[in-house]
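Next come two complexes, and both contain chain A; in the first it sits with chain B, in the second with chain C.
This part shows the complex of A and B:
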């Protein structure tokens, strides 16, 4: 009992540190997901509708990124980009690496969703005289969005987990903050558990939100 | 001389090295109802799809109201028209498909309204009332706000027909519209087509419903191996086929 009170005491002492770490984790994740999704949509469009050379280049990009550990991407964008004249601080480099990683996954999700739409949909749209851009915005994209929502939510949760890797380049997100606290009070079990709980809470919220949106946009049948 | 609504001249179409259409000639007047019959692989669906450029074609010309579809001559060279121009020409015809191809994320009314709003630039309210009028015509006035997934196959196909007709096309193309339906749902779709025919709609139908083709058509075209094998009045065609191929085909078909 006493031990638990001691833990609560330590949590109270470290509350601002934890909250700052949590805030940073959330910002990193949101930024990476947002940037990665925008870039990923472009990647997906290129993979689906691009001409041969473009498809080849973008395919090489996604295969390369998806085949590389995120940790390596994080380290590379922090240590290697500066050698070619791109100076990013740890936060920027980390977000960049996660966004790139996210984009390769979202790109595949977008491509898969668009290609899963039966060709008859495009034909029907053509037959009533819609141009390609009208067909895309009114017929294909709304269907693709519904199709990819669950997988996209999954990727978003993966990004939150991957944000912990930024601790190795010194970004003071939740995991690094937790480690700092532990180095002061040696309550490793308790504080790692707390950190785990917080990550779970974020991802649980993302998942619930995804389910909510899915219900909202589902087509009655 | 009456102007032809549709004129097909020496139409040729290849998939790779396989020639599917080997020079099809055909003309059609306003108000005609023409059924295209023939065994599978004879090129009947391909011919229909060339008319609204769902398929490119390599030779010959297709004219609607004298306007060449899909291609034009520039300095003696045959070039494909711009996508925008082709989109405009596609709206000259309406098409109903074997698999209905309704947009599943839109209600029946929205399916019909999409082309009216995007292509005809109609205001939303106006498009809605046009859509309701046509859904009423195909007997689905009560189903305007249902989604395709909530409708039976026959109802979906009727919505698809309403979607095409609402665009006020010069010519309706029907591509085996009853082939994917349960037998008990075929009748309601054929009835809609019959009503349209009675209204004087020009129609080109690819069909396996021989009895229907016999009853509704003003003319029948029998496609055989990429060319027109025989064409003429349905009574002559079905009752006194002139070619051996047609006689053989009719024997194996459901027409009795």
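This part shows the complex of A and C:
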């Protein structure tokens, strides 16, 4: 009991530090997910509708990024970009790496969702005289969006977890903050558990949000 | 082989230009760059007490941080003119070689392999493994532990070399490995082990935090030197950092160094003997 009170005392002392770490983790994740999704949709469109050379380039991009560990992407954005004159600070480099990683996954999700729609629908749309962009916005995209939501939520949760890797390049996100606190009070099990709980809370919130959107956009049956 | 005169001259000029290039680079030392900038960019960690860690009010502190402050003080007369780059241990060398920091002070063990990649300053601390006992425990010191032989249990951090490390000092002791620092201390506290073996600096810090409850067994082994490090090829800057550290250990800034030593390791240092320089004894 006493130990638990001592732990609560330490949590109270470190409350702002934990909140700052949590805030940074959330902002890194949201930025990476938002940028990655925008870029990923473009990647997905290029993979589905691009002409042959464009498809080849984008295919190479997604395969290369998806085949690279996130940690390597993080380190590369921080160290290699600076040698070619692009000076990103640790936060920017981290968000960039995660967004790039996210985009390759979202790209594949979008491609999969679009290709899963039976070709008959495009043909039907053509038959009633819709242009390609009309077909896309009112026939294909709404269906694809519903298809890809669950996997997209999955990718978003992955991004939150991958944000812990940014501690390696010195971004003071939740995990690094937790380690800083532990190095002062040696309560490793307790504080790692707390961090785990907070990560779970973030991901649970994302999952609930995904479910909410799914319900909102589902076709009433 | 006869090389036509013109080609010869060209080769010579090229060779001279190549040879002159480092000299040109030396013209503009990191020292001038730092002075112009007005603050030092110090690479260090934030997760290892008492070397580099955060205080309750979220300020970076520790012995490594103080070494950086000593350098900043000799640069600007103000130990606070520092921009910290917090980095993991893995990032120490890359951040130096890619110029993201001016100098790194982060309990960096000097090894021949690392010295090929970065330039080490003079050492500012000699680390070693030590043994910590309970103040009211069964064993008085290292000799008592050694005599007790196999009835002694030592708690250590989990590591491939943990057994060998302990057996180098206590050949017969049984070794219990734990996953984190708090657990090796807890083992001693609860009586599951008779001694803790880990870095002497960590032990010194722990004993400073918990006065009168523990004592040092009075034996150290596995020596290693801790130095700051800078990029290779800038002798001017290396000399400056060396001078700053050297004078902190032996000269005008001795009190700064000694205060820091007292704060983080709980030991008072004797001022260097006045008269003939201690370095040449």
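By our rule, the second predicted complex is superposed on the first by the 221 of 221 C-alpha atoms of A that agree within 3 Å, B and C clash if a C-alpha of one lies under 4 Å from a C-alpha of the other, contacts with A are read in each partner's own complex, and residues count from 1 in each chain.
Methods note: a residue touches a chain if its C-beta (ideal position, glycine included) is under 8 Å from a C-beta of that chain, and two chains touch if they have at least 3 such contacts.
Bear in mind that the values here come from a model prediction, so they are computed numbers and not experimental data.
Taken together in the superposed arrangement on chain A, chain B and chain C fit without clashing.
Looking at the shared chain after the overlay, A:53 reaches neither chain B nor chain C.
Contact with chain B, but none with chain C, is seen for A:132 once the two complexes are overlaid on the shared chain. In the superposed pair of complexes, A:176 makes contact with chain C only, with no contact to chain B. Of the two partner chains, chain C is the only one touched by A:13; chain B is not. Residue contacts after overlaying the shared chain place A:67 against neither chain B nor chain C.
Once the two complexes are laid over each other on the shared chain, residue contacts for A:85 go to neither chain B nor chain C.
By the touch criterion defined above, A:220 reaches chain B but does not reach chain C. When the two complexes are laid over each other on chain A, the CA centres of chain B and chain C sit 160 degrees apart as seen from the CA centre of chain A, to the nearest 10.
Once you line the two complexes up on chain A, you'll see the smallest CA to CA distance from chain B to chain C is 51 Å.
Those residues of chain A that touch chain C in the shared complex are 13-14, 16-17, 75, 79, 82-83, 167-170, 172, 176, 179-184, 186-189. Note for the complex: chain A touches chain B at residues 118, 120-121, 123-132, 134, 138-139, 142-143, 146, 219-221.
By the touch criterion given at the top, residues 46-49, 53-56, 58, 85-88, 90-91, 94, 98, 100, 180-183, 185 of chain C touch chain A in their complex. Residue ranges on chain B touching chain A, taken from their complex, read 52-54, 83-84, 87-88, 90-91, 93-95, 97, 99, 101-105, 114-115, 118-119, 147, 149-150, 160, 163-164, 167.
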